[in-house]
Amino acid sequence: MLVVRNLVKDFGKMRAVNRVSFQIKEGEVVSLVGPNGAGKTTLVNLISGHIMPDEGEIIFMERNITRFPPHKRIKMGIARNFQITQLFPELTVLDNVRNCVFSIRGLIGQFFKPSDNYEEVTSRAREILRRFHLDHLEGELPANLSEGDKKVLDIAMAYALESRLLLLDEPTSGVATSDKFKIMETIVKAIDRSKMAAMIVEHDMDIVFDYTDRVLVLREGTIMADGVPRQVMEEPEVRATLFGIGA
Amino acid sequence: MVLYILNGLYFGAFLFLTSLGLTIILGVMGILNLAHGSLFALGAFMAAWTIGLLATGPPSTALILAIICSMALTAAVGFLLERSLIKPIIRRPLEYQLLITFGALLLMEDVIKLVWGGEARYASAPFDSMGRANLLGLEYPWYFVFVMALTALAGAAVWVVMARTRAGIMLRAIAMDRDMAEAMGIPIKRLSSLAFMLGASMAGLAGALMVPTSPALLGIGMEPLIMAFIVVVIGGMGSLKGAVVGSLLVGQARSFGVGFLPELEMPILFLIAVLILIGRPQGMFGKG
Amino acid sequence: MAGRLRRREFVKWTGAGALGVATGATFSSRAYGATKKEVPKGPIKIAAVSFLTGAAAAPFGIPGDNTFKMMADIYNQQGGILGRKIELKSYDEAGGADAQVKLARKLIMEDKVDVILGYISSGDCKAVLPLSDELGALIVAYDCGSHELLEGEKSPFKYPKYTLGFRSKAHLGIDNIGLALMIKKYLPNVKKIAGINPDYAWGRESWRVFEVAMKKLFPGIEVAVTLWPALGATDYTAHITTLMNSGADIVHSSLWGGDAVTFTKQAIGMGLFQKTRMAYSRGEPYPQELGADFPEDQLICCAGTHYFLYPPHDKWPLNKWFVEEYHKRYNKYPTYPCYHAYQAFAVYKAAVEKAASLVGGWPTPEEIAAAMKGLAIETPSGYLHIDQDHNGREDVLVGFTKKVEGYPFPILDPKRMEVFPAHMVNAPAGVRTEDWIQSWKV
Amino acid sequence: MAGLATKRKKTGALVLLIIGFVLLPQVIPSYQLVLLESGLCFAILGLGFNLLLRYTGLLSFGHGAYFAAGAYAVGMIGRYAPELYRMEVLIPAAIVFSAILAAIFGFVCVRHTRIFFSILTLALSMLVFATLVKLYYVTGGSDGIRVGIPPVLGHAFKGMRRPQFLEGFYYYFLLGWVIVSVAFMYLLVRSPFGKAIQAVRDNEIRAEMIGIRVKRFRWWAFLVSGAYAGLAGGLWSFVNGHVTPELAHWVFSGEVVYMTLLGGFKSFAGPIVGAIVFTFLKLYAVSGTEYWMLIIGITLIGIVLLLPGGLVGGLVILLERAKARAPWRS
C-alpha cells in the first residue's frame, strides 16, 4: 500500500533522512524506532506531506504522491497525529473531531448550514468519540482535558479522517504508563486489519513487542534494520543503537 | 539632475530620521507605533515655539536650542508613552497594540492643539538667514546642506550606540529574540524605554529640522508617519541598514517621481512598498 | 403627526405607490418650522464655517471669521435683521469634505440654522452646496472658487443648479482670466508657461481656466510642466527644481494658505525667482504674510477687486470705512477673505429684507433665495451682482508686487495695476467658462 | 429542555429587537435616525471585519479600502453610467466590485499572518487611497463624488429630499440588509466553513493535516469580509450622499478596528454594538467639542486597558455577576 524509495531530506547541511526505502502492506502495524534525532518524525512529516523531500519518491496505492499537498494525501487516506498534541484550543472536543469528518466527507467548505444540523456527520463524530472513550467530554475545550485525553483526542482526529494508513508519532509519549496500554488497545481495536495499516513511532519496547508486527530501526537517517520485533531486537548492533549497551 | 539627487537626499534625511524611530521600536518591541508621526509634530511645534521665543537673538543659536529642546521633549514624551501605554499591552494581541498607539495618536494631536493652539506656526528665520551655498557650480540653500549633515551625524551616532555600546548590543539581542534575551537576564524594561526614547527623539529632531522650511500645523505628523512606514516596509522591519537604504530609495523615488511622473508622486511609493511586501514581507534587510 | 404621515408614506411605498407632495410640505414644516407671514421673536441662527485651525486658518479662516463677527456685531447694533437679533456661531472647516457634509447636515437638521455662510475650500463647497436643496436650507458659499460649482456639464446649461444654494462672489474664472489678460498686456512675448497647483478641484480648475485662456491669447504657447502637490505638502524642493529646469517664463500657481507661504519661502531659498516669474491667482494675502522677503515684480491677483488700497478710499468711502473698522478691531489690514465674508453677510441681509418687503413678514428660505437672485449691492470693493445662476459677478484687480516706502511688505505697484471689468472676466449665465473663452475673437 | 427554553427566550428577544428597530422612526428625531443609519452601515462593515479578526485570526488594518470600493462603485456608476444608476444595480455592483478587489488583494495578503498581514493590508489600502486622490479627473480626487438618490425598481423619488428618503423607504431597506447580513454571518460562522477557518486560526499546522487548505480558506474568508465591507460602503454612500478617498485611508480602517474592539470582538454582536455606539460617540464628540480626538483617544485607551472584552464583554460579566448574586433566577 505504501512504498518509499530513496527518500532524502536535508535541513541545511544536516541530512535528516538519508536514502530511506521501505514498504508497508495492508493490515500491517509497523513500528518505527530509533534514538532521538534519528529522523523518525521527519519521515512521518515527509509521508504526511507536511514537508517535501529533496530526493526519492513516495508511492501510495500505486500512485506517486511525492509532490502531493497534504489535503490530497488525506483524501487518499493518509492521516497522522502529532508527537506534541496539536488541537484546536478554542473549539470543543466535538468540533475538533467533527472538523475532521467534515473534511474527509468533502463538506468542510459548506457555509450555509450550521454544523450541528449535519446529523449524520455529528453522529459519526460522536461514535468516534465513544470509540476513544471521550464521549463524556464532547462539550469541553481541549484545555480542560487531561494530558492523556488530549493525546487520545489527537489520535481520534487522525482516525476520524477515515485513513487507510495511520501515521502515529509517539501516541503514548507523555502518558502515565497505566494509560499507555489502554490507549494502544483502543488504537489497535480501531484499526481494521482488512484494509488499514499503521506506522507507529514508539520508544516503549513493550508496546513495540505487544502491538506491532514489524519494526523499522532508524539511525542517523538511514534504516539499519527491518523485521519482526523480537528477532530484530536480538541484533547487538540494534541494541547498541537503541540502548547504548552490548556490541 | 544633481539637484534632483540633492533634493532626494534632503527629503531622504527626514525619512531616515522618522523611520529610524519607527523601525527601532518595531524591531525591539514588535510594535508598529502609529503615534510616531505625532512625536514628529510635537518636535515641530516645540521647535517653532522656541525659535519664536528667541526671535530677537541670532537665528543659528535659536535653531540649535530649538533642536535640543525638541529632542528632549519628544524623548520625555516617548518615555511616558512607553511606560504608561505600551508596557501594559506588550504581551497582548496585535489588535490591542495597534489600537493603543492609534489612541495615543489621537490624544497627542489634541494635546498639541491644547498647548499651542490650532493656527500654523512659522519659524523660518534660520532658513531665511542662512542663504545659498555654491556647491560645484550649483546654488543650494545652506540650510538643506546643514540638515543633511546633521542627519548623517545623528545616523552615525545611533549606529555607534547600536553597534558599539553594551546597551545597543542588548537592544539588538532583544530584537532578535525577546524571550531569549529575557532568559539571558537582559533588563528588557529599561532598554525598551531607552529604545522608545531614542526613536522618539529622532522623530523630534526631524520635526525640529522641518519647521524652518514649513510651518508647524495640526496633523503635520500624518505624512511623515506614512512615509516612514513605507521606508520601514521597504527597508525591513527593525533593520537600521534598511532604514538607511529605504529612505535613500524613497527619497530619490519621490524626487524623480515629482520631476518626471508628476501625476503619480504618491501612488508610486506605495506601489514600490506593496511590491516589496509581496516578495519579501519582512523587507529588504528584515528577518523573517 | 409627521411620524404617522411617514408611516403612511412607507406603507404607500411598499405598496409601490407614488409619493404625494404633501409629505414634502409636512417635512419642511416639521424640520424647519418655517413660520408664515409674521416675524418670529427669536434670534436668527447663522452658522459661519471657515478654517479656524490648520494652514488656512491664519491667512483665510481667521480673517473671514473675524469679519463675520464684526458684521454681526455691527448689524446687531443697527437692530439686527427686521428687528431680529443675529446669533452667529463659528465652526471649523477643517477635516475634509466628508467631515463638512456631516457638520452641515447637523447644522441644518439638528441645530436648524437659518443660513450657513461659509466654506473656503472648493472641495468643501462642492460637497456641501448640494445639501441646500437636499435638506431644504439656504447655503451661501462665501470664499471658494471652483467655477464648476454652479456650472453645468456642457453649455448651454440649465440654471440655477440649486434653488437654495448661492455663492456671493465671482468664481476662479476671474482670477485666472485676469492673469492671462494681464500677461497679454504687460508681458506679450511669453513663450513657455508652467503650473504648480494643489491637487484638488481648486487647483485643477484654476490651471485649466488659465491654460485655456493663455492658449487662446497666445496661440501656440508651450506648457512646460504642470505639478500637483498634495494640499498641505511640507517639502516643495523637488517641485521647485522641476520648475527651475522647466525654462518657463511664467509659473502659474493657485497655491493658497500655508501651502503658498511654504512654497514661496522654499522657492526664495532655492532661487526660483531668479529663474522665472510667478503668477499667483490668489496671491493678495502673501506679501503681508511674508513681509519684506516677498519678491518684487511678481504677478498677483486679488480674487476680485478686494485690496485694502482699492477701490481708492477717496472715491469709495465704504472701503475706507471697512479697512479702518477692520484695522481698528483686529489691528491688521483686511485681506480678500474679509471682503468675501462681508459680501456673503450683506447679500443675505439684503435678500431677507427685500423678500420681507415683498411677502410681508419673515420669508421662507425659498422666498429669500428668490430675492437673492439678481440682487445687486454695494460692497467695500465696489458693486456686486448675484446673477441668475446664483453666482456672484465682480471685476478683477491684477498687479505686480513692488516695495514702497511706508509699507513693511511689497504692495501692488500703483502704476501697473489693472482692473478688468466683470463682463471681460465672467462668462454669462448658462455658458461654461471654458466654452466662453473659446468663443472669444482675439 | 432548558436549552430549548433559552432558545425560545433568545428568539423572543430577537423578534422584540427587530420590532423595536422597525418602530424607531416614529420615536427618534430624523437627525438621530440618519446617524443610526450610518451606524448600521458600519455594523455590517464591522461584521465583515470581525469574520477576519475573530474567526480567521487576521487583523486587517486596511478594511477601509473595501468599504471605499463599495462606495465608489456607486459613485462611479452615477458619474459614468447614469442609465445604470438604479438601486437594484448599485447594491450588487458595490458587493461585486469590492469582492473583486478583496479577491485580488486577499490573494496576496493571506500568504502572510500576524503583523505582516496587518501591514500589507494597510499598505494596500493606502495604495487605493493614493490612487483615488491622484486620479482627479477620474475619481474627483480628494473632493470625492456626490451620490444622488437612485430610483428603486423603477420608482424614482421625484422631488424628495434626502432626509425624507432616509427616514422613509431607505431606513427599512437598510434594516432589511442588516438583518440579512447578520443572519448570513450568524450561519456562516457556525457552518463547517466557519468552524474550519476557526480551526485554521487556532492551529494552522493541524488544520492543514486534517485536509483543510489553509490559504484558500483564509482567502475565502477575506473575500466574504471584503464583500461585507463593500455592501456596507454601498449602503452608506446613500446615507452620506458623498464619498471621499478618506474612506480608504488607514485612519478610517483604524476606526473600524476601534469600533469592533469597542463592542468586543470576542462576541458575535460586539461589532454591531460597537459600530452604532462609535458613530454616536464620534459625532457628538466632534460637534460637542473641538477636542473630540482627545475624547475618542481616551475612550479608546480606556477600552484597551480596562475593558478588553469591549462593551458586550463587560455587559456579559455584569450579567454573570447579577446571576451569581441571584442564583435562583438561572
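By letter and in written order, the chains are A, B, C and D; residue numbering begins at 1 in each of them.
Here is the rule we use: contacts are C-beta pairs under 8 Å (C-beta built on N, C-alpha and C of every residue); 3 or more make two chains touch, one makes a residue touch a chain.
Being a predicted model, the structure only gives us computed values, none of them experimental.
Most remote chain with respect to subunit C, judged by CA-atom centres, is A. In this assembly, the C-alpha centroid of subunit A lies 53 Å from the C-alpha centroid of subunit B.
Between subunit B and subunit D, the centres computed from C-alpha atoms are 34 Å apart. With each centre defined as the average position of its C-alpha atoms, the distance from subunit A to subunit C rounds to 77 Å.
Centres computed as Cα averages put subunit C at a distance of 38 Å from subunit D.
Listed for subunit D are residues 133-134, 290, each touching two or more other chains.
Across the assembly, subunit B contributes residues 113, 118, 263, 265-266 that each touch 2 or more other chains.
Shared interface positions of subunit A, i.e. residues touching 2 or more other chains, are not present. If each chain is drawn as a node and touching chains are joined, the picture fits none of the line, ring, star or complete shapes. According to the touch criterion at the top of this document, the contacting chain pairs are A-D, B-C, B-D, C-D.
Per the touch definition, subunit C reaches subunit B in the complex via residues 52-55, 57-58, 62, 92, 94, 225-230, 232-235, 237-239, 241-242, 244-245, 258, 261-262, 265-266, 268-271, 293. Note for the complex: subunit D touches subunit A at residues 187-188, 190-196, 198-199, 201-203, 205-213, 220. Those residues of subunit D whose C-beta lies close enough to touch subunit B in the complex are 53, 59, 61, 108, 111-112, 114-116, 118-120, 122-124, 126-127, 130-131, 133-134, 250, 254, 257-258, 261, 265, 290-294, 296-298, 300-301, 304-305, 308.
Listing the residues of subunit B that touch subunit C in their complex gives 3-4, 7-8, 10-11, 14, 113, 118-120, 122, 124, 127-128, 132, 139-141, 143-144, 210, 213-215, 217-220, 223, 254-255, 257-259, 262-263, 265-266. The touching residues of subunit D, counted against subunit C in their complex, run 25-27, 29-31, 34, 133-134, 136-137, 140-144, 146, 153, 155, 157-164, 167-169, 172, 240-244, 246-247, 283, 286-287, 290.
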